[in-house]
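Note that subunit A is present in both complexes that follow, paired respectively with subunit B and with subunit C.
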Partner chain A sequence: MPILKFIARRLGLGVLTIFAVSVLIFLVTQAFPSDPAQAILGRETTPEALDALRQELGLYRPAVTQFGAWFFDILQGDIGKSFVTQLPLSDYIAPRVGNSLFLMLVSAVFSIPISIAVGAFSALRRDQTFDKVSSTTSLVLAAVPEFVMGTGLILLLSTSVFQILPAITLIDAGQKPWSDISGMVLPVLTLILAVTPYVSRTMRASMIEMLESDYVEMARLKGMSERTVLLRHALPNALGPVFQVIALNLAYLAGGTVIVERLFNFPGIGSALADSVRARDLPAIQFLTLMIAGVYVLMNLLADVATVIATPRLRTSLK
Partner chain B sequence: MSDGLRIVDLRLDVEATGCDIVDQVSISIAKGRVLALVGESGSGKTTVGLAVLGHTRRGVSINCGKVFCGETEILNLDEGDKRKVRGRLVSYVPQDPSSSLNPALRIGLQLREVLEAHNFGGSDEARKARIKEMMAEVLLPSDDEYLERYPHQLSGGQQQRVGLAMAFACRPSVIVLDEPTTGLDVSTQEHVLKTIRQLTRDHGVAALYITHDLAVIADLADDVAVMYAGRVVEQGEVAEIFKNPAHPYTRHLVAAAPDIAGKKAIIGLAGRAQSPGKRPVGCAFAPRCELAEDACRVEFPAMVSVSVRHDAACIKAKQSSSGVGASTKSESTRKIGEPVIEVSAVSAGYSGNLVVHDVSLTIRKGECLALVGESGSGKTTVSRAIGGLHREWTGSIRLNGREMKTMARQRAVADRLAIQYVFQNPYGSLNPRRTVGDSIVRPLLIDGKSKHDARRSVLEVLDKVSLPSSYTNKYPDQLSGGERQRIAIARALVSEPEVLVCDEVTSALDVLVQAAIVDLLSDLRRQLGLAMLFVTHNLPLVRSIADEVAVMSEGRIVEVGPSESVIGNPQQQYTQSLILATPSIERSMR
Partner chain C sequence: MDQQEIETSGLSRRHFIQGASSVALAAGIFSSSSLNALAASVPGKKGGSLKVGVVGDVKDLLDAHWIVAIPDIVRLNVGFETLMVYDENFKPTYKDGLAEEVSTKDGINWIIRLKKGIEFHDGKTLTADDLVYSWQRLSNPAEKHSKALRPFLNPAGVSKVDNRTAKLTLLQANADFMVTLATYTSTVVPVGYQNYAKSPLQIGTGPYKLKSFTPGVESTHVRHKNYWDSGKPYLDEVRVLSFSDTTALTNALQGGQIDVAINVPLATLPTLKKNKKLDVYSNSAGKITPICLVIDMDPFKDVRTRQALKMLINRKNLIKQVLSGNGRLANDDYSPADPNYNANKYPMQEQDATGALKLLSAAGFSKSKPVVFDLKAPDDDAALSGLAKAFVEQVNTASGGVVKATATTVASGYWDTTYMAPGVNAFMTYYNPKPYFPQFSGMIFSYPETNFPEPGSNIKDLYAKALGEVNPKKRAAMVAKMQKEEHERGGYIIPYFVNAADSYSNKVKGINKRNSALPLDYYGMHFKNIWLDK
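Right, the complex of A and B next:
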């Protein structure tokens, strides 16, 4: 199967990418001439304590050895212990990963179909009222930073105007996120509003290109019903370029939602990363960053595979 | 004789401005006959063709007129009823099959959906049988494996046959073919034309064949309608139009068309047709017409009958043709000198795959060598190697006896300037952000000339390509295709080259413009003693421009010799078949 070979090749490249990212992460956090021990203990400490901690962290070893040990442990599934709590990191991170995944899935399930529909419909009603309104709205939404949007939603729906939704998510990391549905509404809504403009504008542009294409005109001249023209001829071809944008946005939803998670106090990997940075919890920062990079690589891989499968010319040229 | 298609007084406007794109178009085509709608790009032929199916492109609206396909008037139908007749009563074959077939759908499905949309045949089995029948009629395999293919797995000719099968699938009574063979090689074109002729005659279909290629018309059509600036200016039977053209524009068209079996000199015409909204009052051709008088500029001339079934919209239609097409430009004997370019044993390829094998050529001072062949024959690769634009080649290319390095940037400045290249597409080869003057002056500045001298040289070459000096400040998008190609030639001339490599330089141009460019190139060659390599797939053109011709096939030169003898009396079987496949006005009129 050529497609499997293609996936294997891309997976191999993905692994290489992640390795490169891990080197970068390690360089930035541990090997550069900053002192993690100093960072952990703060300024008011004794040289003896620093020395002991450096010894314990293995900071006196050569950088390559340190990196090798860290990377090897991760490969074996041992992501280490938190500097701060001294507890295994996996216990801290695992539930948060679940929470973030849930947040991402719910946002994606709403935002992707909505944005594809809005984009496609705008293209069909090009330069008419719906298109003008949706284009302007999505430009405005894309221009507003998400913490402003989130704060605006809080003001609107939970504090100043209407008091119908809780302003923050009241769940612990251990709890299942669906145990507080009302607390999920605002973060999900914010993420939907953050992602939809990009996907819908790409969809609109792509759909317009397809509607102007020769084969869509040809389908009309063959007497196809408008429904067939759109669903069979225009839409499938318009989706190709949109996959890439969807993948980038899914990756963003999975890992880049630091601000939104902080804003709503949502216990996901975004807020975990923010907490770790504040506590200078080096192993946690390293692993979370690596994981987010992994999600990006994986999403791009999925987008490429989806594009290839959806494009016969690419699919049949695989060797 | 019952009419298959009747267009009555059709007018279409630009929606935004209300200016007419086409006006007063009346055409009728009897069943089983092919009418060719001829005109240059922008004359409105495609707009008319699409209106026959009740379709307009974005920004175009139907102002008035009627289109009858048999008894059915198309333009008054509502959208639902238009859908029912499209593909069933009247069908369309598009210009570019590679972009008109949906790349994501198998061809079997694309054929089947027409039948399904019109519920043709009544059952899936009947439709399946009909698809097989159609595929056989267009001479394509009809097995399931073939129907499972995607469009990109077919050659251009096969794609166009699928387009034809689709158009004829529901047995329409009218068919519109919009330049269906543009972009196909001559031998493929011959097969497609044969299929079209066969199908229209066998099934009694009235065919509207849109084209700018006069030789194809002579070969295929029964009647001709000539369009200029949105109006039909002349109509009649094919032989009448070619033997006795009445409208000055038609006379120019016939005079400008190169012919493989006929005349050698082709005559161009300066100027261009104005776009909608800028057209002059009266006859739109008057500004370019040497017979024009004041009366022509008052109102659009009425159609007058020239002879039986032959009408022209010109107040001088009945006067005998004077001047036009009777140019007596004498072929001064050319001074052919020493070899300037010697190509020997050149092989070239792309990432290890050889596409050119052991090619040897010589071009002398003042000589034009035509390199002809079908697409993929390797002719452009050879010319790129000469120009130093191709990386992978071996063998030897000498300029005045000096060995040339592989790439242009490795060559000495003087050698680089001595070989100049003019590209196929004048729309892509000029930087849109630079004025014409800036584009032309660039090679001189690289050469280190002073600004003052450079500016003088720019004006000189503009004069050589017959453009006024005011053009230096224009941008490419303000120019027509022919003017752009003149600029590209001027840019090549400014560094006073010895060799001009012209790669399909006229293939994007209309026939009148093509003739003018060919004329210009011949003059330049005579005046400046240029050695010229003229790469083309257009065999008829070879007779009009080249002294020598080399025929390429599958990366090898199969025949080389003086153009008169190679075209007139080809020795190799490949050349013979190529020449026989090329449509010719003279041959068809005999």
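Right, the complex of A and C next:
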């Protein structure tokens, strides 16, 4: 099975990438200007207390030993304790991972089909009204930063013009992410508007290329129905490049929506990362960054596999 | 800054109580029963859940005697109470406090008697044992919060007199120790109390008891059924929600997801005031955001440099530029509500570039040899970074190039890495309103930001003497001397008093709009006065 070999090779590369990222993360967090012990105890502490805490946190060990211990613990599934709260990090991060995943899924479920449909239809109706309107709209949306879009939606639907939707998401500790559906409408809408333009633009370009290709022309000349030509021949090949864009956007949604999460006070991993950086909570920063890097690696892997499976000429060229 | 608000000092109040007899008189005027009767006559609707929003993060903590950031102050106030509470003139009163009477004859021995029938959240009656435990915890030198109290009290000085009475024997006379009793972190906790990090069971006497707390997310506090102040509290529960920033906070208030927003940015006030569903409460009790010039470092070693910088600024314009007008003039002084505020009647310093340039020239500065410094500010408070930028711009322009200052906003970590750090000669700080003596003590002993006073000064002795002085006139004279030295040689530039603004839905009732040390009149006095009109 050449596809399995391909996946195994990509997985191996992914593991290597993650290891390289973890070294980088560790080095960067070591270079932070403030001392974690000082940050925890505040400036009213005594040198003895600082010394004791540094000892306790293992900050006096050589950097290689610190890195080794940290990496080994993570491999064993122990992500450690927060420097700030002294509580297990998993208690803090696990619910936020759930919240962010839910936000990603809901946004993806809406944005992917919409953007593929809009992109494909624009390609079919190239240079006609629908194409012009959708192209202009997606260009405008792509140019507007998320926080502007989000703030605009809040002004429009929550605080100023209409007051029909909550301005923030209120998910309490211990509650499921779907406990505040109405509060999720605006963040999801913002993310859909942020992601859709990229995917639909790529889909449009890719579809146009396929529609102009020789084999589509061949299929048409052979007298196949337009429907078969589109669905059987053009669409699968057009989706290849789109999967890559989708994967990047999903990875972005899963790990990097710091701005949207902060704007809507959404308790996800983006805001957790921002919080941890503020608090100089090194274990949290290290784990969250590593996790987000992992999501990117995984998403890229999935996209590559999906592309290979969806594209007949790539699938057959695997050895 | 105000990381720790326990302040032990005092000042000559007009109402200083000379001996036990006048304490009794004061107790009569402010007797809890008469005022409670008055308060109870205002009908408040029972029930409901109040959602309070505040900017907070994973560093949020809960300790009855220690705070770091604003959410900690809110949560401390929901569950815990002090012996006395400041009124709008920063005078400690018995109303809303747990003490029935506080008396001293010599300023050293302080007798505290508790009100009758006060119950903790777990049903235990408050006794002198709890008082002894609380003050021993407060003054324990091993605890962070004892720093300001340390010169005045150690755990050995706390003793029980009878079941409702305890005695504090101070290490030095402090005629105004009541100020310490009224400081909001001087709360009373039951014997054995530990902070949330050590024990999630947070038992106090306050109107609401803790049900749940997740740092950086929320805390829920439910009604204390046997609360001592009859008929109160009104709400079923108070929820304190943490927000990542002020934008989300004000959006949530305008969108109706929260009822109260604590500490809203002054720039949002015009929008919030226009909103008919909201009330804005701007407190001008005397919050300050001083520019700290370290007086034993160049270029500020020469007193003329300090004086010149104070003369180069246009204070009125700074209020407009930085606070959008939400402040009032200050003369590099503080504690405007204090009876001895501006005891020397100094006129307000107007912008005087000519005078300033003369001083700078005499100090050896010129365009070719300018005064150069970098003013550091944190990025988490626009009031501080905004003032730093505006200040630098003003002094550079007004001096015509004799001053070449820059302003640097330090990304997160300012309070750990830059503030009061060795080698930093100009930086920003802030203080919540408080009387003159605790503020002086904070700036000289707890946070010696400017390294004032200069060598040879006797201002610290003067302070100690003034603290022990029971005659208000004599104390006022000493305070005037202290203020003279601060005015002439100090390292703080304080251009204005900042309004602290909070906003809430107009369904929220019962907030007394008076000037107070804490927002919303001590958060509606531990939220016990607040009710929801549905």
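Everything below uses one rule, namely that the second predicted complex is superposed on the first by the 305 of 319 C-alpha atoms of A that agree within 3 Å, B and C clash if a C-alpha of one lies under 4 Å from a C-alpha of the other, contacts with A are read in each partner's own complex, and residues count from 1 in each chain.
One rule holds for everything that comes next: a residue touches a chain if its C-beta (ideal position, glycine included) is under 8 Å from a C-beta of that chain, and two chains touch if they have at least 3 such contacts.
The model shown is predicted, which means the values in this text are computed figures rather than measured ones.
Of the two partner chains, subunit B is the only one touched by A:G223; subunit C is not. Of the two partner chains, subunit B is the only one that A:Y215 touches; subunit C does not reach it. Look at A:V277: by the touch rule set out above, it reaches subunit C but stays clear of subunit B.
In the superposition on chain A, A:K132 makes contact with neither subunit B nor subunit C. Of the two partner chains, neither subunit B nor subunit C is touched by A:R61. Once the two complexes are overlaid on the shared chain, A:P166 sits against subunit C while remaining clear of subunit B. Within the superposed three-chain model, A:L263 lies in touch with subunit C and out of touch with subunit B [touch as defined at top]. Comparing subunit C and subunit B on the residues of subunit A they touch gives the larger count to C. Shared interface residues of subunit A (contacting subunit B in one complex, subunit C in the other): none.
Subunit B contributes residues 50, 53, 55, 57-58, 83-88, 91-92, 94, 96, 99-105, 113-114, 117-118, 150, 152-153, 166 to its touches with subunit A in the complex. Across the complex, subunit A is touched by residues 3-4, 57-59, 68, 144, 147, 197, 212, 214-218, 241, 243-245, 247-248, 251-252, 254-257, 412-413, 415-417, 419-420 of subunit C.
Interface of subunit A with subunit C (complex): residues 33-35, 38-39, 42-45, 82, 84-86, 92, 151, 154, 158-160, 163, 165-168, 170, 172-173, 183, 261-265, 267, 271-272, 274-281, 284. Taken together, the subunit A residues at the contact with subunit B in this complex read 212-215, 217-225, 228, 232-233, 236-237, 310-313, 316.
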